Amino acid sequence: MSNPLSHINAAGEANMVDVSDKQVTQRSAIAEGYIYMSAAALSAVIEQTNAKGDVLATARIAGIQAAKQTSQLIPLCHPLALTKVSVDFAIEAEQSRIRIEALCKLAGKTGVEMEALTACSVAALTLFDMCKAADPAMRIDGIRVLSKEGGKTGHWQA
Amino acid sequence: MSNPLSHINAAGEANMVDVSDKQVTQRSAIAEGYIYMSAAALSAVIEQTNAKGDVLATARIAGIQAAKQTSQLIPLCHPLALTKVSVDFAIEAEQSRIRIEALCKLAGKTGVEMEALTACSVAALTLFDMCKAADPAMRIDGIRVLSKEGGKTGHWQA
Amino acid sequence: MSNPLSHINAAGEANMVDVSDKQVTQRSAIAEGYIYMSAAALSAVIEQTNAKGDVLATARIAGIQAAKQTSQLIPLCHPLALTKVSVDFAIEAEQSRIRIEALCKLAGKTGVEMEALTACSVAALTLFDMCKAADPAMRIDGIRVLSKEGGKTGHWQA
Amino acid sequence: MSNPLSHINAAGEANMVDVSDKQVTQRSAIAEGYIYMSAAALSAVIEQTNAKGDVLATARIAGIQAAKQTSQLIPLCHPLALTKVSVDFAIEAEQSRIRIEALCKLAGKTGVEMEALTACSVAALTLFDMCKAADPAMRIDGIRVLSKEGGKTGHWQA
Amino acid sequence: MSNPLSHINAAGEANMVDVSDKQVTQRSAIAEGYIYMSAAALSAVIEQTNAKGDVLATARIAGIQAAKQTSQLIPLCHPLALTKVSVDFAIEAEQSRIRIEALCKLAGKTGVEMEALTACSVAALTLFDMCKAADPAMRIDGIRVLSKEGGKTGHWQA
Amino acid sequence: MSNPLSHINAAGEANMVDVSDKQVTQRSAIAEGYIYMSAAALSAVIEQTNAKGDVLATARIAGIQAAKQTSQLIPLCHPLALTKVSVDFAIEAEQSRIRIEALCKLAGKTGVEMEALTACSVAALTLFDMCKAADPAMRIDGIRVLSKEGGKTGHWQA
């Protein structure tokens, strides 16, 4: 039976998968995540956002920058020349949370879901950093891949 | 009323808080997080871990390295000379998840909870990367601060 | 006569100045710079800024992040744990330019003017990047130190 | 009317332009910049350079290294696998300045003028760092693109 | 006669070689290196490794990560999108040393021997760091290229 | 008996040593290393160096920059604010080699020998990169600590 952990070889050693012979195809991935915070903290974000403050812009830039650094953060990720990164936010006041969605694209040999997940995670951490004086008990939740396209497996949807 | 978002100034602009006049004190923070995966993926991790493969070691190193890069990832974080970082894992098979706990310490002017949260997040992303061939539908959840010590506010517990 | 280039030793070799025995004092530096652009490009920035778009926020974050990376960019700079960085913009429509001002602070052994200059430069480059489709002939000008405080030389003003 | 700021979307949000469908073509860009300094500081540089000291070599290496880090410094720049970077200096004693010229090349989907501008800026900052003991009032000026080749727009000259 | 130092131009200036017109071919390189240590230190590594501790895993991850950062460490190296990196260890107790072997692969325009050498060097440094309390007099030796494939020169063997 | 590998805990896990309670003292370390090359390659370096080309300057800058990045390269190293780094070369033609010596200094809680070793290694790799067209069979050898000062152990000499 084949090893289900593709990055670990038969000897149990960490292993950067060889993608030398894979085809260059158009690839994309969408990931999402949430940060839950108190009503007071969320009100402060909403007020800032209505006043067009930099809260969401700062988190968006942090997420985009992080996507480009994924291979430096995650040891077995390949360095990739991303052709597109975007990070979007939706304030969902009833659930006391902010939703984060990240899209990454690439013409390359391996998928970009780790880049999209990294963008979501770092955007969430940046929101945490800016709101932690208002609510130190926030929680980052539900970081996952929504869909991916390209490569041998083609379309995948959560 | 004072602005509850300390990193945003009166004009709504992102702002690295001035800690020049804060005291240097011993500080520490503990954060946790979880990655949920299918029984099959978790079995693969358990089998690898029992066989002493590199799965958890790889995620641990990634988390420690990320803690040291926090100020490059999160725009308004101060650069800090961490004196201690550790990352620990507990496989919780009944809940189909792996628990991650990170501890950071510093003798400095500002808290280290963002560093602990970043360590947890990147350790979780690294586990995701290694297990995604076995289960692309994993979910990173419950990233939060458990406790922090030091500074003007002293002890805080979730 | 002593060598006026402090980073070059008697043999002409590049040299990171030894600050081991210098006192830790409160230090700060303010730098400024300008980017000149066509009326059309500046109008687009003004319109975006009035509509509270992310143009200036993006350049501000880039400048703050760059200040923290100064010692990685400039070979003979010491790594410094900045305690404060801010970047501000003023749109000066009559002169067809945007003014950038950066402030850095540190309790440390060496000055922070290179950090403030780096923040200005990278903020200007980021504005260039965002406006280059509107005007590829922009010019970054007048990057210099306005004032610095702290250390043996005390107050210095341009 | 289309938005003249290509990196800002209709909602005013920062946006990494999607280059997935652009052609890979040979691209190059040349940028220039100047650093003005006192006669005394410039004399020190000339003397060092005549004595074949490391002043210009240090600034050259810093500029080349910075070109390769452009996408980490400028938030909306794509990561690019540059095929050539060079940085040249001309000491222009009559104008009390050093001229910097940077060339970048790439076979890729997007232009390299930001890389050339970044190389010029960081080379200038490095000269500033090495000469600041001799003249703290230096000024970096005239950073701009001289020409670019490749892509849909073809040849552009300042 | 042509200059045998390809990265230095006719004026003696450091120079990133222009690979714009080179063919994209499959390339690979294998490098090796050794760290010599006292019998006591090597015993500790062996004991740890038998107990499946993280010693070799930590050095392996450090080597893989370093390969991906080669162009940021070595000024005239081109940024490369490596398709494969692996790092292996052999404990050679009779010679009181650990052997390190690194393999890098790329479909690209320039060779990857610097990446393989960097992986070996940083893996060796990481072993040094972990063992230095047991033996501060260790020695890293014999870092060299064993073989390379691809490009105009084709196969090369040490 | 205590574990001789200080970075590995009782469970065999990689571990960043806690230096929170250590004293801040003046620390320094000197490391050396060698690169051996063919007579032809060494002649090219000598000729370049006599002509005051950038060969050694480039390697020196690379070594200095690498010392500052040590904690990003070596997973369990603490981030340190080095107060001094220098890298020197001696061409030893009779032994067909170049000797590299690096000095690092710090007022801090932990030693700087890893920083000095990293500076030597990356300076050697940079020389390798520049000379590899002249001699692909070079060998980096004898990287070790010569002496260190400061901290609880005081003076140590190889």
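As written, the chains take the letters A, B, C, D, E and F, and residue 1 is the first residue of each chain.
Definition applied: a residue touches a chain if its C-beta (ideal position, glycine included) is under 8 Å from a C-beta of that chain, and two chains touch if they have at least 3 such contacts.
If you want to know which protein each chain is, UniProt gives these names: A, B, C, D, E, F = Cyclic pyranopterin monophosphate synthase.
In this text the structure is predicted, and so the values were computed from the model without any measurement.
Listed by label, the chains that touch chain B and also chain F are C, E. Of all residue numbers seen at the chain B-chain C contact, under half occur in both copies; the interface is built from largely non-matching residues.
Ranked by separation of Cα centres from chain C, the top chain is E.
One inter-chain figure worth recording: chain D and chain E are separated by 31 Å, centre to centre, where each centre is the mean of the chain's CA atoms. Inter-chain spacing, taken between the CA centroids of chain A and chain B, is 15 Å.
Looking at chain C, residues 13-14, 52, 54, 57-58, 60-62, 65, 69, 72, 75-76, 79-81 sit in touch with two or more other chains. By the definition of touch given earlier, these chain pairs are in contact: A-B, A-C, A-D, A-E, B-C, B-E, B-F, C-D, C-F, D-E, D-F, E-F. Here chain F touches chain B in the complex through residues 13-20, 71-72, 75-76, 78-81, 108-109, going by the rule given at the top. Residue ranges on chain E touching chain A, taken from their complex, read 26, 57, 60-61, 64-65, 68-69, 79-86, 88, 105-107.
Only residues 3-8, 12-14, 33, 40-41, 44-45, 48, 51-55, 57-58, 61-62, 65-66, 69, 72-77, 113-114, 117-118, 121-122, 124-126, 128-134, 136-145, 148, 156, 158 of chain A touch chain B when the two sit together in their complex. On the chain D side of its complex with chain F, the touching residues are 52, 54, 57-58, 60-62, 65.
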